[in-house]
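Common to both upcoming complexes is subunit A, partnered first by subunit B, then by subunit C.
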Partner chain A sequence: MKTFKRVLGVVLALLVAAVFLFPLLWILLSSFKTKLELLAVPPVFIFRPTLQNYINAFNSDFPTQVRNSLIIAISTTVISITLGSLTAYGFSRYSIKGSDFLQFWILSLRMLPAIAVVVPFYLVFRTLKLLDTHIALIMVYCLFNISFAVWVLKGFFDEIPIELEEAAMLDGYSPPQVFLKVSLPLARAGLATTAIFCLIQSLNEFLLAVSLTTRVADTAPVGLSKVQTLMGVDWGLLSAGSIVFMLPVVIFTIIVRNELVRGMSFGRMR
Partner chain B sequence: MAQEAMVSEREGPATAVEAAAGLRDLWWRRLLFAPTIGLLLLLAIVPLLFSLGVSLFNYSLGSRAIWTGLGNYINLFTDPQFWLAARVTVQFTIAAVSIEVVLGILLGFVLNQRFTGMGIIRLIVFLPMMLAPFCIGLFWRFMFDQTFGIVDYILTRVGLPTIPWLAHPFWSQVAVVVVDVWQWTPFVALLVLAGLGTIPTELLEAATLDRASTWLKFRQIYWPYLRFPLLLALLFRSIDTLKLFDSPFILTGGGPGNFTSTLSILGYRHQIMFFNVGMAAAISWVVVIIINIVTNILVRLITPARVEQVATGL
Partner chain C sequence: MSKVVLEHLHCWYGPTHAVDDVNLVVEDGELCVLLGPTGCGKTSTLRMIAGFVRPASGDIYLDGQRINDLYPGDRNIAMIFQSYALYPHMTVREQFAFPLKASRMSAQEIKERIQETADFLHMHEFLDRYPGELSAGQQQRVAVGRALIRRPKLFLMDEPLSQLDARLRVEMRATLRRLQQDLGITTIYVTHDQLEAQSVADKIVVMNLGRIQQIGSSLEIYGNPANLFVAGFIGSPPMNFLDCHLEQREGQVYVCNDNFAFPLRPDLARRVEQTLKVSQTFRVSQQLVLGIRPEHIRLSPEAKANAIPTEVYVLEPQSNELVVDLKLGDLILKARGDKREMGFRPQLSQQVWMEFQQEHLHLFDKDSEDCII
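Take a look at the complex of A and B:
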């Protein structure tokens, strides 16, 4: 009975893994198919792989769009981690008036629907001639990523024993020195984790990107979404582009796999 | 720490670090908080109030804004398209979130076993939720295709009739829910798994010795440790499906016949396609208010003691 249960458990786990892996593998496989093979009925599983879709993707606007995505995601992350670590440290170590209220307000930004800020940002950026620029998306993404960084980083700072900081104070460090030379280095794993989550979130965002950019600063998802409307549906290009675009996120996920709970729960669980 | 409340109740620490940072270092305290709070106010409150103002004007890009008071809201509430979008959004939320919670609990228990290779299986299961919802939508659109799609192919192979996934009002709604469930059930499972990890082993051993029934075991032992993670998952998933945009936008573009058009898609259409800014602002405010109500209810369940208003950024 006990072995039966165990075997059943393993089989279930493998089945589940297959359900989640299959769609990803199918797209990976499809990205190496020719146009004819992609649309074949019934679908072909064995074929001669071609790199043509990847070559096509690299000869289109796609590399520029990936560059835009990276510029926007990295800038957002740098700003969010800088400001987020200051404020998270503040919430963790200092008592200020209305601290609970402020923390709660920052948490509630997680609930803010992107569609709600599309209209005002569109109008403001239009007036400032900032539509379709990197700066526009960086600013909007900061709204969501700073609040995320504050919450997740506060959890990491809370875990640093305060005695270490007090010892540094006795050695004559000023409060800013304690932060820069003791707390930040101790929190570097947390900083890296939070930064990776910020990168992923910024890379993956679509509604704001498709609303606020058109063709100069458009990110990779926006670019891919246009492929399907202008030239019919080029599934080869779409699958190859998606695979290239997702590759860094897959690597990032493997790096932060032990901190997924913290990142995905806004730092509310670990 | 899974039982940790939404906000730590700890009052400000009178630590040596803080004591030393007395009045002399007031600028340092200001540096810690002022830039962040200032920027967030600028990026959240100002746009929201601005959009509230815009929603009171009959304003299309390229023409003059004319004061209309609640005109946009009245037009909205008498527009069948709006009610369809509202219904679709709520249906998606109820269907997707309830399925995700039930399957998420089961998946959490499946992933809670210990054997070699479990690390890789967990990684595979948790990967989809990290990927862009845009790409996930794209993949499923490819797989749901009526002629060359793999889903219908598998259905015919096991002797079932093919399904017009993206062309039929009902089935396209099912497709949107399927994609959301596929991508986000692992999120619920992730939190459940974390909750299970906090149960003391003695408790589990005692239950095994007592030969407690499965239901009793769940109610008495697991539930206290799963309550918080599940409510948190419920909160996050409800909010995210209420503002659902990416996957239906890619899968069906809101069609057929607007049957997968969520409130976010409706707002996007008014803004970007019709340049009807006033109307788009009104729709976005309706979404904000709906999400506010849901958030408040769920946050109250999570921390019954807290009565503060949790507004979406306001």
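Take a look at the complex of A and C:
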């Protein structure tokens, strides 16, 4: 009975995984298919793979767009983590007048629907002559991601026992050193989790990117959407682009996977 | 060399007067225990000395230097926390090096210090482990090592043994005491466990409600408690308290209440009279509290002159000793004695006669709670 239950559990898990992974598999297979194979009915699963789609992708604007995406996403993540951790630490460790109100206000920025601010942002950046630049998108993404980082990281800092910091103070470290050498390393799991979310968030963002960029600073999602032309959709190119674009997040996730598991489960630290 | 002086120290947490006019001198090399129940201000006092809490008023001197305004790290004080506060992300070796690195010591010197400390605490095989991989006792030793390695002027210990199991606690308290004496480091030790306090202290400071109740050696505090609180807090089982008053009968002073009356020894009676005369509040019917420790009640199976008849209510055997609960009216008194020296074996519900050893008898004023004799 017990083994049966376990087997059933594994089968269920595999089923769920299959449902989630199937589209991914579909895209992966599509990226190696020729136009004809792509549109074949019924779909073919065994075929001679071709790299033509990837070659086409790399010969278009796509590499520049990926570069734009990476510059914007990494800058956003670094800025959000830096400012977010400092702010979160402040809220966690010091009694600040109106702390609850301020925290809620920061969180409320996150609730802002992007669609509501697209036009104002467009006008602001047009006036500032920042349309179609990296800086514009970095600034907008930071607005959303810092508020997220503050909220997630505050929880992690709250869990660090205050005695650890007091011990470090007695050991002769100044408050900034205590933050860098004790608090920050102990919030590692939180930092990894926040970084992943910020990265995914700013890589995937479409609405603001499509409105605030035109050609110079357009990001990969915007670029991929432009594959839909009057001549129809080049599904092969789209698939190859999507696969390439997925890689940075996959690689980063693999690097920090241990921290991530701890971070996602918000496990208590001892 | 490192003497600690606290002068008129006050601390408020909102409306709570956590520490109320604490004055204390801890001599060089002395181990001073701050003892009291939860919320008595002992930890707040310690945290003010460490520099985590700013006193509302009053001065803290270490080595004659006023340290109120110094940053904790500049006070040259080490602390062992109740939770040990070991850094989870550092190996034992890194924990040891951490305070030394802050003082910009050379790598060579740091290595030597770690070696020396590891020798001293027999910790070599644990140096490259993380705190999570150590047992509670080993973690405790790491905490001690990290505090020692800086050679601080003053050691603060906040309930250092409370996380250990009973057996290890008894072992570690002897180890800590030995270590402190070998190194001669002035130490302030906070605990709520009176047995622990008595076993390690040179000097005990009993605190309650933010105020110091009494300062003295463990013997003084046990033998001459200053007030009802100290008398009741020290000793296990605690001192028996009985409401009573004094009466003059046939030229002798009697201690009376509803259940008994016995003559007070003349020398004690004179002392009571003197104390009360000075305080000017003595009336014959004044309400007093008689305090007698369980070990100072003598039991006998037969009636004796001036002995008080009671009934055995519960028997609590404890290895070689026996604690006898006695029923006197509505009250339960506890008597304690060596099983063999008791001379008879008390039975449940047996009538026994008890006598108080008058040289160990205490009388307290019921209103002020201060000790009269």
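The rule we apply is simple: the second predicted complex is superposed on the first by the 232 of 270 C-alpha atoms of A that agree within 3 Å, B and C clash if a C-alpha of one lies under 4 Å from a C-alpha of the other, contacts with A are read in each partner's own complex, and residues count from 1 in each chain.
One rule holds for everything that comes next: a contact is a pair of C-beta atoms (placed from the backbone, for glycine too) under 8 Å apart; a residue touches a chain by one contact, two chains touch by 3 or more.
Being a predicted model, the structure only gives us computed values, none of them experimental.
**Student:** Under the stated touch criterion, which partner chain does A:Val250 make contact with: subunit B (first), subunit C (second), both, or neither?
**Tutor:** After superposition on chain A, A:Val250 lies in contact with subunit B alone.
**Student:** With both complexes overlaid on chain A, does A:Leu21 touch subunit B (first), subunit C (second), both or neither?
**Tutor:** first
**Student:** Who does A:Ser174 touch here: subunit B (first), subunit C (second), both, or neither?
**Tutor:** Both: A:Ser174 reaches subunit B and subunit C.
**Student:** May I ask you to decide whether A:Pro161 touches subunit B, subunit C, both, or neither, giving the answer as first, second, both or neither?
**Tutor:** Only subunit C is touched by A:Pro161; subunit B is not.
**Student:** Check the contacts made with subunit A and report whether subunit B or subunit C touches more of its residues.
**Tutor:** B
**Student:** Could you tell me if A:Pro185 is touching subunit B, subunit C, both of them or neither one (first, second, both, neither)?
**Tutor:** Touch partner of A:Pro185: subunit C, not subunit B.
**Student:** If you stack the two complexes on chain A, which partner ends up touching A:Ser108: first (subunit B), second (subunit C), both, or neither?
**Tutor:** first
**Student:** Touching A:Val216 in the superposition: subunit B (first), subunit C (second), both, neither?
**Tutor:** After superposition on chain A, A:Val216 lies in contact with neither partner.
**Student:** In the overlay, answer first, second, both or neither for which of subunit B and subunit C A:Ile55 touches.
**Tutor:** neither
**Student:** What residues on subunit A does subunit C touch that subunit B touches too?
**Tutor:** 166, 169, 174, 269-270
**Student:** Show me the residue ranges of subunit A that touch subunit B in the complex, using the header's touch definition.
**Tutor:** For subunit A paired with subunit B, touching residues are 6, 9-10, 12-14, 16-17, 19-21, 23-24, 26-27, 30, 38-43, 83-84, 86-87, 89-90, 93-96, 99-124, 126, 139-140, 142-143, 146-147, 150, 158, 162, 165-166, 169, 174-176, 178, 200, 203-204, 206-207, 210-211, 221, 224-225, 235, 238-239, 242, 245-246, 249-250, 252-254, 257, 260-261, 264-266, 268-270.
**Student:** Where on subunit B does subunit A make contact in their complex?
**Tutor:** 1-2, 4, 6-8, 11-18, 20-21, 25, 28-29, 31-33, 35-37, 39-40, 43-44, 46-48, 50-51, 54, 61, 107, 110-111, 113, 115, 118, 120-135, 138-140, 142-143, 147-148, 150, 153, 182, 186-187, 190-191, 193-195, 228-229, 232, 236, 239, 242-243, 245-246, 249-250, 263-264, 267-268, 271-272, 277, 280-281, 283-285, 287-288, 291-292, 295, 308, 310-314
**Student:** Can you list the residues on subunit A that touch subunit C in the complex?
**Tutor:** Interface residues on the subunit A side: 161, 163-164, 166-174, 177, 181-182, 185-186, 188, 269-270.
**Student:** Going by the contact rule set out above, which residues of subunit C touch subunit A in the complex?
**Tutor:** For this pair, the touching residues of subunit C are 50-52, 71-75, 77-79, 81-83, 85, 87-89, 98-99, 102-103, 132, 146, 150.
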